[in-house]
Amino acid sequence: MSQIFDAAEVRKHNDESSCWVILYGSVYDVTDFLPNHPGGRKIILRLAGQNATEEYDPVHPPGTLEEYLKPEAKLGTIDPDTLPKEEAPKEEKHLDNGPPPLDSLLNLDEIEQLGSKQISRKAWAYYYSGGDDLVSKRLNNEAYRSILLRPRIFIDCEQCNTETTIIGCKVGLPIYVSPAAMARLAHPTGEAGIAKACSRFGALQMISNNASMAPEQITSDAQPGQIFAWQLYAQIDRKKSEDMLARINKIPSIKFVVLTLDAPVPGKREEDERSKNVASGLPIISAVQSRSASKPTEGGGGGIGKSLFAGTSPNLTWKNTLPWLAQHTKLPLVLKGIQTHEDAYLASLHTPQVKGIILSNHGGRALDTAPPAIHTLLEIHKYCPSVFQNLDVLVDGGIKRGTDVVKALCLGAKGVGIGRAPLWGLAAGGVEGVERTFEILSEELKTAMRLLGASRVADLNMQHINARALERQIYDGPAGFEKVGMWVSSKL
Amino acid sequence: MSQIFDAAEVRKHNDESSCWVILYGSVYDVTDFLPNHPGGRKIILRLAGQNATEEYDPVHPPGTLEEYLKPEAKLGTIDPDTLPKEEAPKEEKHLDNGPPPLDSLLNLDEIEQLGSKQISRKAWAYYYSGGDDLVSKRLNNEAYRSILLRPRIFIDCEQCNTETTIIGCKVGLPIYVSPAAMARLAHPTGEAGIAKACSRFGALQMISNNASMAPEQITSDAQPGQIFAWQLYAQIDRKKSEDMLARINKIPSIKFVVLTLDAPVPGKREEDERSKNVASGLPIISAVQSRSASKPTEGGGGGIGKSLFAGTSPNLTWKNTLPWLAQHTKLPLVLKGIQTHEDAYLASLHTPQVKGIILSNHGGRALDTAPPAIHTLLEIHKYCPSVFQNLDVLVDGGIKRGTDVVKALCLGAKGVGIGRAPLWGLAAGGVEGVERTFEILSEELKTAMRLLGASRVADLNMQHINARALERQIYDGPAGFEKVGMWVSSKL
Amino acid sequence: MSQIFDAAEVRKHNDESSCWVILYGSVYDVTDFLPNHPGGRKIILRLAGQNATEEYDPVHPPGTLEEYLKPEAKLGTIDPDTLPKEEAPKEEKHLDNGPPPLDSLLNLDEIEQLGSKQISRKAWAYYYSGGDDLVSKRLNNEAYRSILLRPRIFIDCEQCNTETTIIGCKVGLPIYVSPAAMARLAHPTGEAGIAKACSRFGALQMISNNASMAPEQITSDAQPGQIFAWQLYAQIDRKKSEDMLARINKIPSIKFVVLTLDAPVPGKREEDERSKNVASGLPIISAVQSRSASKPTEGGGGGIGKSLFAGTSPNLTWKNTLPWLAQHTKLPLVLKGIQTHEDAYLASLHTPQVKGIILSNHGGRALDTAPPAIHTLLEIHKYCPSVFQNLDVLVDGGIKRGTDVVKALCLGAKGVGIGRAPLWGLAAGGVEGVERTFEILSEELKTAMRLLGASRVADLNMQHINARALERQIYDGPAGFEKVGMWVSSKL
Amino acid sequence: MSQIFDAAEVRKHNDESSCWVILYGSVYDVTDFLPNHPGGRKIILRLAGQNATEEYDPVHPPGTLEEYLKPEAKLGTIDPDTLPKEEAPKEEKHLDNGPPPLDSLLNLDEIEQLGSKQISRKAWAYYYSGGDDLVSKRLNNEAYRSILLRPRIFIDCEQCNTETTIIGCKVGLPIYVSPAAMARLAHPTGEAGIAKACSRFGALQMISNNASMAPEQITSDAQPGQIFAWQLYAQIDRKKSEDMLARINKIPSIKFVVLTLDAPVPGKREEDERSKNVASGLPIISAVQSRSASKPTEGGGGGIGKSLFAGTSPNLTWKNTLPWLAQHTKLPLVLKGIQTHEDAYLASLHTPQVKGIILSNHGGRALDTAPPAIHTLLEIHKYCPSVFQNLDVLVDGGIKRGTDVVKALCLGAKGVGIGRAPLWGLAAGGVEGVERTFEILSEELKTAMRLLGASRVADLNMQHINARALERQIYDGPAGFEKVGMWVSSKL
């Protein structure tokens, strides 16, 4: 029978010599686990001796405790009467007369505004943040705005069909959900809520390696024909990734694996780092404590982003990764984070294992001043257009309007990912908020297609756009194919 | 003898099962008409059981009731004593000491500022709004500002003559009134007031298909030599358009028909949509009601713009439209909404039926990021300058100064349309406000011509401008003539 | 003996039927003169029956009354005791602790700021204003800022000599005073005060045709070697200009005549027009009065600018002007307001009568969006560099820094004019204010030359600058020499 | 035995006829020294008769009194009891709860913000200021932001090594401290404090000719392998420079001499000049006094910058300088302030004496609108890439982020200097503040290298960047090699 602890007793175990925490009513001794916590020891020590459930829950999928802690770490249960009453009620932002009805929100910016008000500062900072000065995050959007459209007249556009295929799968929209972590920070329905919204629009959802729910949970209510992909951050401990792939292989609605490559180390997301001590419901650690606890070399600590990256492998190469993956899954592979024509071309040499690439600068969250996906799309047209024949090219980053989607499609993208937008939708109104997000984008997409004179996705082509402003900006140096050639000849 | 109703009785018929409204003192049963209302059923249901005259009047030309309702729909008359006294006086914005005298307004921006204050939020939103983020609306104006002028010296410019011809008609100014709907939202004199102001300047007026007055009313006081054109939105129910054309054919001062092609479906005008529930003098429907009344898929409802578009045909093609029109009118045809050199060229293959084209992005109200007319003008110079020989090329969108007019003329435009400006003038001061608008623009035009060294419109040419900033921005892809050729060979 | 009038009697003569004004203690009947007033009748009627001295004085050089009024118009003198005491003290802006010392002002912007505070709103508006939206005024300055300098190292710049020659005259600085009207609005010392400041720096001063002092007054204290030029606006009544030229020919320190050609009609200067009713010390005419007094066609009245232009000839041509001028002066001629390479080239065909040209858009006060002088300078380099051999090329507009001066000189300008700057200096501190203006600019000029590695004006050349940003913007069309050729062959 | 003075007695000697000051408790008669003060007489007269220690100390290295004053100038000591108690406590800006902990500062802007608050207005103005309108200062930074990065994928970046060599010396970082004067204005530890921070990162420090500490002091705690350079402003009195070189030759950790050439005369730094009368703890001299004391021709006085420049030789040439230097030091020479490809090429002809060049516009503090170093770097690539073979090319100016460093290195720079940043760090937190500055930059540098796919400095190359925006902006005129050739053939 499990021992029952008094909160005062637990409170004594509050440092590296003995560190206990309360989770879901149980008491755990995590002293030995401290050095192994993927998110770093500091984040645990801040909660040492306390009830950490509220902090822990939205960022860990079920099964995490079992995966990381030995059974003997669970010491017993807490006597709930001894827990302090919540003195400071959880930080909540009440809107004056309740939130406005979702259908009064007319565009993605308004959904972001509402969503930003509904969630904790910490969650906002994690979603909103980008690398350094947010140059790439801003450029992602501005690049689309700098492309002009060329509407044709006297085209029958009574019918407008947004269906298409992505990596061989039929989808209702060329808009998909990019893999983004920690949806439960926005709303308790989390990634499963996003899945439910996707089902209404036939939209593909890519599940993050760092989702706050297990992939089995997220996909459990998949509708017939609804499809998913799963994102892999290869772990330093490859066994962990292999175990996950084994689970993924068993989920029939997951159709391909997305290997993210643009973030071998985390970018510097200052908003996220700034919020590290601002945990909902928790006292902010005094500056003095914080200072003594951190070695100066740690460079400002890290927010959720840095915690999530812990354990991710920084040493992937063409040679050491693709064959390993082939051993562990038969699913098609999509490489995410391609930012140069050179790498797009290299990827195209790895069919049939690699079926697609995602041009992405990680939503401006990795290397600041990295190019918007739409730059890379133009680069491929300029240097190695054959890539479009060999691979499905997807893009993400900066999409706010149906016209943005149309422009990417005109330039040859097969699909367009949205990452933050579904999270803002989830924050604004749960499942219905994500649905509203899709509804707005798909209506805008149809309007744009009709006004351009395109009744099917396949009708869109480069004569529908004037991208001259961007053409002047993209890379104009040597093609780098010699180097590519060398790599190829050495079998990479 | 007509039955007399008590307002309390009418008030009971306030939903889809039985929907009555009071208009001009009469009571109508519009239950059966609900599904056929071009503007949608919601806008009527909001006024069900009430006196709808104030809402109905400024947006419907006379004859509308007769056209759409069967005689038996008219149930009788209302007992005026039973109508509620207006509790909330009609929203009106009193300026502190009355509006400033019109001749203290020095430019079109100042007229817009004053006009914006004089009208309801709803009317303002309808006039002001543009697609999505107003990128095209802004570009329309900025494109002109980015062109520099090249004034010549030692030219006698004592005389300055602004007369010219448009589609074979003599006009006093190269500036005309673009077709814009709902002038009575600005001022009771409506489109007829604009006509009166035009007569003083010899300016051509294009009458909107959605004018708030009948074309016969608008043209009834035409002065000798005063000319008009009539804009056609071909209706899904072609018979309606044919009937209108028959009426137009009988009005001698209407010299040609303008077929608008850039808006087969309405653009997304958020300001307009946002104002949908803000009707002057009417209570704003509570959020809850609004939410339950609308299916989420309807995407935010629609403002005046969307209502007006109801019934407009989205499936016009070269093949199915031009021959049909030829059967119903002998008037010359002008195609409005050309936004690519390809379509300009195609249009030029359809003389003599087509006599002109209007380069337009619908004032930035249709597809956002569509190109300013001045871009398309440059495109035609680059790809198919012969168009200027075969057709009169007109432009609209973004004109705020006499120098803007001059720049369009230097680039080969035969006339320059202003759409919102006369409405702001009407709002600012009725007929005199529109006159002031023309007065400012024509004075600025003459000053610009003189300072450039041009005494006649025909003197203006491309050596008077430096459009290099724009030349760098326009489309630079393939000409698309092959495709054009194909279309031609298949007889379109 | 002169009759003595009571102010009450004068006040009765306050409309077009009988219009008297008091000037310098005398009473004049200007009824007959009303239609002939170069500035328009309205401006006089506003002061009818009143003491107009304060309004009249700073904008009319001595001799004006005698020139325009017949002797019998002078009716007598006013009894000063009957004049009303000034109820509203003259609009004056007291600075809290007096103005800051001039040598605490570090740049021309700070002088403008101080000067703006020291003068009436009306004077400020006249000086500050530019055409339409001030696009050219802003571009004038931004064009210089967009040029980068290329400083060389290891050059001995202990000595730095700013002397040079302009139209064959030795000057201490390559910076001269552009002809600008109405200096007495800024300070009682007026144009003579500017002359005094120029003498300290050996700077050339061009005297405006519309100076508020007679050229004889302005030049009366000229120092040995001090030089002037005189600006001519050819009058419709050519006799007036001929009389002035006769006077100019007699002033030895005036070395050449500047014929202004970029303003055959006045530009639209809205700030100036807006201030028309804001006369210092005078009540603002009520809106109603103003409205009834002006016909709507007059387009917003006019400020000082429009008044000054009255009488200026709008029909000058190469043919009718140069020979006429040759008959009336032997002084060299400089053509001001050249804005295209075509006209620069044409001017170069008229040596030796024409000795120089001034590239100018009239300080952005004539045609808005006309090119900055620096654009035209680059155009000449591109299309007809021989002009630099045949003529002295001067520029004005937008100069705020010594680096701006240097850039114009590097591009081949022989001198650089400042127009508003001396007026702001005069407003800020009279003669000393203008001196401070020159002191700042000449110090900045020397610093820039030294840091570039140039010890003499002649050392500056095109390798000292990177004007690539501008090169991309200038006119790129056909050279227009055919047309020029045609004009030449027809002897213009 | 030294005489003891009463403060009242000293106070009488307060003008040019007899000028005494108190320094470190001693009384000096500086009347004869007034005309020889390198910083000008005014700055001393302002403190005449007073205790000047607080003003004097942070801007003069030890030994200065002995160097400039004759022994007999020291009159005796002050009776400390007669000195006035400090009435106005020294200007200090208390932050509400003390400054935030250094590791909460996430980037260089935040360090600058904190540092700016911790120091006097005068020190801030000296550090912050740039030439004229700060165009070059701003461009320095914006130029980096306009370069986009091209991250490669599938590269093993587990290891990341920032070591490299500069002028043959091994360093831990490609980031070095640029020579910047007056570090003790920021913090008492001054330049020695910066040296201490450098030692932790293996960073090279260039010591300013105008350091507020003697080079022997700064280098006295050098760690094994720690290296320095010494900056020379050649003095008009060459003997002074020769004496300094003799001292420098004896300091083993100083590895090369940096000769600054971009500031033969001081730039116009308005913030600095504006603060001249705002000395900490001193009353501001009244405007009247100030005005009478300065001749108008002095042009606004000068701040710290101008004082420091006094005595600097403005007449250096290739011919008169390099041979002279060769006589006085065997240390390698680096030329600082190269701003054109012409001078870079010329420098490359002077190996082996010249080993490197620093492309610099003096942090935007010399000639405004001079090109950013990154422009010059691109110019060299375009016109004379051989320079990179012959010389180490260093750059400074505008560095705020690790990505900026990476971009300069990709373009061929061997090292990147930071000038203001270590001073802001020193101001923000003394030695630890400078350490935090290096820590942030070096972490950002490593993150950027890893995300680009570069594990060593040598891996970075031009295919890692897209500098097209800049390429469009750099100089495009003739190469100037003819002139160079001419100079060479004449042996310079």
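General remarks:
Each chain carries a letter (A, B, C and D) given by its place in the written order, and its residues are counted from 1.
Going forward, a contact is a pair of C-beta atoms (placed from the backbone, for glycine too) under 8 Å apart; a residue touches a chain by one contact, two chains touch by 3 or more.
What you see is a predicted model, and the numbers here were worked out from it, not measured in a lab.
Interface subunit A/subunit D: under half of the residue numbers present appear on both copies, so the contact uses mostly different residues. Centroid distances from subunit A, each centroid being the mean of CA atoms, peak for C.
Seen as a C-alpha superposition, subunit B sits on subunit C after a turn of 90°, to the nearest 5. In whole angstrom, the spacing between the mean C-alpha positions of subunit A and subunit B is 45. Per-chain Cα centroids separate subunit B from subunit D by 63 Å.
Contact of a single residue of subunit A with at least two other chains is seen at positions 472. Contacts between chains, counted with the stated touch criterion, involve the pairs A-B, A-D, B-C, C-D. Those residues of subunit C that touch subunit D in the shared complex are 100-107, 145, 147-158, 401, 403, 432, 435-436, 439-440, 443-444, 447-448, 450-452, 462-463, 466, 468-469, 471-472. For subunit B in complex with subunit A, the residues that touch the partner chain are 132-133, 135, 261-268, 270, 273-274, 287-288, 290-291, 294, 296-301, 314-318, 321, 335, 337-340, 342-343, 346, 361, 366-371, 375, 472-478, 480, 483.
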